[in-house]
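One chain, chain A, appears in both complexes that follow, with chain B as partner in the first and chain C in the second.
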Partner chain A sequence: MAFLSKEASLALVQRVHRLIGMKNGVTPHDAPQRRRQRSAPRPGAERFDVIVVGAGPAGSAAALVAARAGLKVLLLERGEYPGSKNVSGAAFYGSAILHELIPNWWEQAPVERHLTRRVLAFMTAETSVAIDFRTTRFAEPPYNGFSILRPRFDRWFADQAVAAGAFLLNAAVVDEVLWEDDQVVGVRVRRDEGDLRADVVIACDGANSFLAKNAGLQREFHAHEMSLGVKEVLALDEATIRERFHLYDNDGLAIEYIGAITEEVSGGGFLYTNRDSLSLGVIGQISSLAEHRRRPYELLETFKRHPSVAPLVRGGRVREYSAHIIPEAGWNMLPKLYTGGMLVAGDAAALCFVAGLYLEGINYAIQSGIAAGETAVAAHRERDFSARSLARYLERLRARYVLTDFANYRHAPGLVNSPRLQNLYPELIAGAAEQVFRVNGGPKRKLLPIALDTLRRANISPIHMLQDAWQAGRSFGW
Partner chain B sequence: MVSIPLEERMRTVRFKVDDRPHIVVNAAVCNNCSVRACVYVCPANLFVPLDDGGILFNYEECFECGTCYIACNQEGAIQWSYPRGGYGVTFREA
Partner chain C sequence: MRIAVCLKQVPDPTTVEVDPLTAALDARRLLYIAGPADTAALEVALQLAGAEGHVSALCVGPPAADAVLRQALAAGAAEARRLWAPFLPLQSPAQTALLLAAALQRGETPDLVLCGARSSDHGSGQVPALLAEFLDWPVVCDVTQITVEGGLARVQRRLDRGAREELEVPLPAALAVEAGIARLRHASLTGLMRAERAAIPVSELDDLGLEPADLAFPAPTARMVTPPRPRTRPIFTPDSTRPAHERITQIITAGVTRKSGKVLEGPPEQMADVLVEFLRERGFV
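Right, the complex of A and B next:
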């Protein structure tokens, strides 16, 4: 096991300072150091135990675990600060997982609201039918989930890795890994003499995952596997949020929308309550946006104008607009998760769980980050960084139910993005509900004739219905 | 007002523009493309079709999301990488 000696620590700091001094480097927050250090580093002068690329939830979790075990860890972030390039809804359902790593983390972290209310709404152009779940049981520690703002949360989480001893270098883009024979031995930062060597490289560089592709672990993506999310943070005062969404104190709400909210485009919408703002947006499958020639920000406008959304966002002032892609194909697009000297975690490993009922990613990012960090620590203990040694990453991912969840739900993404589930079924549910609730002087009809009548008018073949029922069953049922 | 035009929405985002473009569009390839998915899918509306059949592209207000190169069905039309460290979009959500 390598421990961080005083000398090693000093060497690390000097090395990183030299990096900062390079002429192509831009570090807005560290400008004074730039003048002090001008000399280029000696190639191969130092070596890190672990280099983590990307200081999102996966990267910070991996860096924290490795640093706590005494390893010399460098955490590289391409943005001005961790979280500055990162976008999610963001509902974070991994509270219990993070609690394992940082007990009572919510007492010190910048969280918005703990989510006690979940709504799943099926939409047509004029109607919505929703499942509305709320429980006081989610208002108790360790809580089930929180709404968060990623630029704040990710920055805090990276700081925890730094407090554990990891070295964070911002404004550092990594374009490729360094090889020796068939072993990854470091990364190339896009600066003069930016080659940095490490026994283990953990790629947590996000959904585009150029590092996993560069190492030959991930293939090029198809447009049907990726969705684009566009989002707005709308400022709204706390009292209005509590009243409008029927919330006590710091309780929060997460709504997910499916159906005509994205018109004919495959996708959905979301709305989360923050402390004094709302995060809302639409998600559209990239192939579907292209096919229907729909602009994402126009869908966002349609969403905000929907009769059941408009009163929720009334009076909100746009604080920030953002966009990010989401790997949606789950099991079917997982890369090879390791090779000699390298592991892949988080969105870079396509570990986003998008399955209608569920819209989760940060929890799997942290789980995979922990698993990768632990794998790196075990590899150092045995001084074996070969692919065979790092293959135990898979066991750890299974033990943390990451791979098992993705395997069990491998049919869900295909079902969720099918046109019938996207538009026809919400239409049918809304139509049937309207018949049940409308009182117009005619006879009161029982549920079965309403259901049969709805299906007949929908003109859907019984074979397709059965196929979908089977798909839904094997996706979510068993 | 909750409903705002894209230009106004883009003004809420902070960009530190690099003088070197991180995305290069090969106009010769675009001239032969009839699909033009990039024009529709880009969340910042950075791809504008021209009368002569080409595409006008501006990298400066790019979210670095990657949607354009994933949607593009023309080989070699979009050369895509991240901007240099510290440049590009900086989200704040505040």
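Right, the complex of A and C next:
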């Protein structure tokens, strides 16, 4: 971005903005009929420079950046404490990003294990074929990723924002944004005397953001664009985890599962090792859960009984269970990311990257939170909080590769959720592998005949295969 | 009216996790809140005090207990104070009660002290009574209703099996309020923000005019108690000399005769005689 002139970059920003607006079909100006009654703040409401709604990774990052710049920042969280409402175990791949913000953050933060081993497993009901990647290079600072437990991590991260000077208020649910003319000027908290004023409101209220919709920046989602994740944390002692997953000391493992674990429902599964527990769960597309009338926890149980998962979770004692929605359709469901006086970041902006081998939301939440915080700081420097001024947010998101990643991978969600990728290909891979390894007294066949035979029996047209290969290339390859 | 409310920080039950091997609590995961009886006491205090009254909150606990006091400030308490002896292991209800009593004797004496009837962690229910003892005030425990008129509190107390007792107590008095008789109000945003910003004063032993030796109550002794085996009961066999229909009735009723009490009436001396005779007959005296 640095090599573009200011005019050129603004023009680009406007183009991106138009593109997003167009894709969503709804902008505040297009849809006055859907706009709610807009209320103005009551007189006497307390004023802040920035109000951040939601103390998840996005919100804490935004509050931290703004508070460090000396702004008067209020961070509002609906839970009893940050993280109390968050789905617990996760793999966090934003270590280097956080390192920029808080050098050597892993030395003080509650991390579980650094992930040095990643597995991508293709499953059928009885078989699994896996790619197992392992490197000691991920065991060196700044590390590639960590397993974390969200209630503890989120609380720590919010505390960093507080240490930088942000004022954190828990048990405060934001019910609506407040307007003066076409400018957002504050929020209303669900309590008596609940109005608060701010020059910039940053909505970081997570998936299916109420605030972005309330401000008319986001349309209603379709069921195929959202997934439901159900997750469990299973307590298991440290020594068993090390032995069972072949790990040294604090090394950790993340497994992503594709294929039969979610049966006919589009989705996937995952398993991460924590220090003395496992986080595992399944993710199912909401539309296909409904279509196949499956309950998410049934899928979780099926997943845990799968012959290649059962021995891994044996003896684990359920410590937590939770469910949460995930915005899945990526680029196609990004809201308008700003309006006068307001920015949207993290899951609230649907900046969650879900595509087969990737399930990354926290790192994008932090990236976009930083970008939003910086945008608010710059707006304060110029005392200009108009939509025009806040449009720079998009530049910052591009500079941090957030928007570029989502644009590049815009085809991935559709591909990953297609029935052939969900069920047929894992089946083919597993079937072929089985033939390669099976010894049954017959002639030993070479690989090519096995491959051709597998394809013939799968009854899939070469056209579809080519289409999928092209889709896969377009989604992940180039 | 001035009311003091004593609050205790207890673990939030949703954060309690027990290690199955060692049976130890995972302390890192615990979060502290005020228990349901304490929040009921706080709400009753705020209601009784009304707009003119003054409610102050007290809590014996480490710095983390400030959260409980902030909750009281947010709901409308005018003042909060934390009591603590940093280097002493404060464990017994007597120590807690002594610190509270010392704090209540300094400054303006309240008309009423409200406590929760029992905490949701240890739940000994002793602090209110001990506190009243140290203050030399009357105390009523298990209170389900309070009205105050003049210098008198009219209270309702819970007895066994759903019975209630009405009492009148002269003020100042200590009352231990049952959980569930009032639900703590939802704090306003202004209240919440003010509470969050308030500095909570701390009184340590020196400030309370106490010495570590004052807190040296005899250590409680704990005994392991195993649940008793149920008493063996002889199986009833009907008297074989009786006619058949009587034996059948005996079997059906299993020989059980209903327990029945006897209510004595008459002049006290006469009733006492009957009672003594009754006990002698059965070999108790």
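Basically, the second predicted complex is superposed on the first by the 432 of 478 C-alpha atoms of A that agree within 3 Å, B and C clash if a C-alpha of one lies under 4 Å from a C-alpha of the other, contacts with A are read in each partner's own complex, and residues count from 1 in each chain.
Heads up, the rule we're going with is that contacts are C-beta pairs under 8 Å (C-beta built on N, C-alpha and C of every residue); 3 or more make two chains touch, one makes a residue touch a chain.
On a predicted model such as this, the values are computed, not experimentally measured, just so you know.
Participant: Is A:46 contacted by the first partner chain B, the second partner chain C, both or neither?
Facilitator: So A:46 only meets chain C here.
Participant: Which partner does A:85 contact after superposing on A: first (chain B), second (chain C), both, neither?
Facilitator: In the superposition, A:85 touches chain B alone.
Participant: Just checking: does A:319 make contact with chain B only, chain C only, both, or neither of them? Give me first, second, both or neither.
Facilitator: both
Participant: Taking the superposition on A as described, I'd like to know which of chain B and chain C A:192 touches: first, second, both or neither.
Facilitator: second
Participant: Just to be sure I read the superposition right, which of the two partners does A:167 touch: chain B = first, chain C = second, or both, or neither?
Facilitator: The second partner, chain C, only.
Participant: Who wins on chain A residues touched, chain B or chain C?
Facilitator: Higher number of touched chain A residues: B.
Participant: Let me test your reading of the model: by the given contact rule, A:234 touches which partner, first (chain B), second (chain C), both or neither?
Facilitator: First partner only.
Participant: In the superposed view, which residues of chain A touch chain B and also chain C?
Facilitator: Shared contact residues on chain A (touching chain B in one complex, chain C in the other): 80, 171-172, 189, 191, 319.
Participant: Going by the contact rule at the top, pick out the chain B residues touching chain A in the complex.
Facilitator: Checking each residue of chain B against chain A gives 2-4, 6, 8-10, 12-13, 16, 35, 37, 40-41, 43-45, 63-67, 70-71, 73, 81-94.
Participant: What residues on chain A touch chain B, complex-wise?
Facilitator: Touching chain B from chain A are residues 24-28, 78-80, 83-87, 149-152, 170-173, 175, 189-191, 207-208, 210, 221-223, 226, 228, 230, 232-234, 279, 286-287, 289-290, 293-297, 301, 304-305, 310, 313-316, 318-325.
Participant: Which part of chain C faces chain A closely enough to touch in the complex?
Facilitator: 12, 17, 20, 31, 186-190, 192-193, 196-197
Participant: Over in the complex, which chain A residues touch chain C? Could you list them?
Facilitator: Spelled out, the residues of chain A in touch with chain C are 46, 80-81, 167, 169, 171-172, 189, 191-196, 317, 319.
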